[in-house]
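For reference, the structure discussed in these notes is given below.
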């Protein structure tokens, strides 16, 4: 077996009594920068400007939880109900984040990149989106990031694009997402951009690489999974049969933020 | 087998085109509240005041990454090097967060609660801490949250307590943590409060329940694990032998935040 | 940080073109010894006699699958339905094996060991079991390994004890399990030994250590979880809502083995 | 959201006091059939003849463990060293079974199927293998299942093919594997069939579907991972730095089986 090789990392430096993230002393980041800013720093290598920070925060907030029906919440609750530790319960939920759930962000960004590339000649994103949709439909390939099993007008989507617009960071990927939504409508399909698709457009316009994009959903939903594991252990009996349909929300009514 | 029972959840309500967290419309939270505030809302049921929010943000920032040597980073990199998906790589790292790594927060909070209880009569936390330490030492029981394999004065610890103090949320748990640190010193042991212990003190003073406390480490470190999985896939060959000692930081030098 | 230390392992030796398990060349084990015998060798350090081998095989067969309702099968199917890899789907199911499901073997063996210890003076296991049951009931502590949510006379239990008896390996733990079953009946509780409890009694009489006992359930059920992941991917649509009650078996009718 | 639908499973039927695998009463399988036979039954729907059973057993034995250096063993030990449960430690190791480690069986079987298909006209497997190798090399595509970082003549490979030959079950996939090995040699590459590749050839000749093939490695290695988790907890200190190179085998010397 070839032995271990000396290797390098550019993320975090630790030495006795000092931890720095991408060159920034962690104790200076604490109290002066939000967690969203630190996530951006860790992934992108630089601290974000204030416009970017609010967008990253909005993406994380949008993905924090979606109730008890997503497979990630059900996987966490199922494992938690057997007496597992919090970390094992949460890990089981994270493992349910894949291309059919929370994991369409990366693939949607790649698709939108394809639309942008096709429009390079004439800048006509609408035509490029319609063309890509037609091509992919003909070979049975789906465009990820559109349509939702519950929402026809996902409240998180418009808001996320709106915040990116106000912050001045919406660019060609956000435009390509809207073009694709129009292409679906023209093709007679009601498949509006969903929260994964909006996150893809916004994160791509912020310059994130596709392979880390699903990670934003994981970080955010990690919070939701912890809350589900805790509620399962606190309110439910171990080994109960978890009905994925017959449940009810008994928290506070809708109120002003 | 007894059938499934109707059940209730108080976390998140979803209906077509509306998602609300603890009664707050998620699209109103986006852009107006930080992710840290939303995490607090999800766990505690109410939005935090600004003082609390900055403290939660600081706890998350403190735990975001600690380089390549913690077992969670090594577990994620080991799994990522075999060709696993991002979610499986991250989940493996989350599973390494247990009582010996990142998972001392809950148990430290319970220990500090014990000190507070012992001081109830006369309010003398120093005496209570010394007494608990002596009692536990005599039966070989460790007090979690003190000492670190690398840091003698963990830079994250003092900063976290400082931020909590400035924000006016440091209370009896922060005081008990300092009392315990003194008790260790008096007993001739150099075991300063570590980042787990500081998080325990601060989160307990914010009113979080011990069973969710380790979750803050998981949410934050999830970001670090994603960065490690990505760097592993981008810079390293699959199936390399990962040396836990012979590595080097080649990112930016220390710079101003 | 203290550096890595030279360390030792007594399980498997590898060198170029040779792999040996506990001193036995793996290519000599193949074709001459069953997988059950190799599992015994790996855990216990010696190859089993034929009587032991048949018992280990019976324990593995008994635990191989229990249909779609156990939490491990549901966790695997939930994760598989999101597009996860086979290894991630199976891992999620393994994580659902804990003290409330498949993970009572270790704790049951420890309880039966307690009964045997209490009977050390006079050898009266029935009295010791009744005494332990009374003591534990008075403090609300359950004896694990008894009772099942579906079976009143678990077909796997009697068969496993029968095979151990025929093989001449049933000893004090099997006797303690029967004594405990009688103690439950005398106390007016219908809590017959379940498959976890029978595995505990048999594996303890074979000399396995309690901390590896739940591992037998994991090895065996791993096969079931693979079959569930495959059936989910082959017969079902991604992201379906998995009803834990409303399903039906459509495989072959009961037939002679 | 569309509701849950009635669904069907053909694996295992449970009713009070009866569990049957593919129509076979589990209590009749116990004591009369090996675990290997039950695994075959669960995956293939029928009990195997004795020739098949010995081959399945040999595949499971071959994959049971490979010492402390594979990523699955390191992932399990890393997680176990943090205080994780046995099931979480084992699950982390299972998650490291992917295309670069233990997960080449499926892809190798698909490649060998491609060789067989190319030889359909004239039955010349050697020519078909050489052709496929040349085609794939020209586009930088690797043929999985050949070469090993430690072994040049993997002892498990020849033995597995030998057992399949003696049992009369070696067919076109085993022949294609040998043809591919020759093609590599003719192309001047020393890439002998490895244990993944041999398992692929043998399992394909037994009629298993490629998507379950990696599962055999998982079932078998599950036993190894349990042994590693146990040895880590028993012989090592928590949170040690696990050196992937500087370790030594201190178990029994090579001995007769």
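To keep things simple, chains are lettered A, B, C and D as they appear, and every chain counts its residues starting from 1.
As a working rule, a contact is a pair of C-beta atoms (placed from the backbone, for glycine too) under 8 Å apart; a residue touches a chain by one contact, two chains touch by 3 or more.
As the structure is a prediction and not an experimental result, all values here were calculated from the model.
Novice: Return the chains common to the contact lists of subunit A and subunit D.
Specialist: Chains that touch both subunit A and subunit D, as defined above, are B, C.
Novice: Using only Cα atoms to place each chain's centre, name the chain farthest from subunit D.
Specialist: B
Novice: Report the inter-centroid distance (CA atoms only) between subunit A and subunit C in whole Å.
Specialist: Distance between chain centres: 39 Å.
Novice: Measure off the straight-line distance from the CA centroid of subunit A to the CA centroid of subunit B, and report it in whole Å.
Specialist: Roughly 22 Å separates the two chain centres.
Novice: If I count partner chains per residue in subunit B, which residues reach a count of at least 2?
Specialist: If we look for residues of subunit B contacting two or more partner chains, we find 1-4, 69, 84-85, 87-88, 91-92, 95-98, 103, 149-150, 241-245.
Novice: Under the touch definition given earlier, write down the residues of subunit D that touch subunit A in their complex.
Specialist: Per the stated touch rule, the residues are 1-4, 69, 84-85, 87-88, 91, 95, 149-150, 244-245.
Novice: Given the complex with subunit D, which residues does subunit C contribute to the contact?
Specialist: 1-36, 38-39, 42-43, 45, 47, 54, 57-58, 60-62, 64-69, 85-88, 90-92, 94-98, 103, 150-156, 158-160, 162-163, 166, 209, 211-212, 214-215, 218-220, 222-224, 226-228, 230-231, 233-236, 240-243, 246-257
Novice: Tell me, which parts of subunit C touch subunit A in their complex?
Specialist: Answer in residue numbers: 69, 71-72, 74-75, 78-79, 81-84, 88-89, 91-92, 95-101, 103, 149, 238-239, 241-245.
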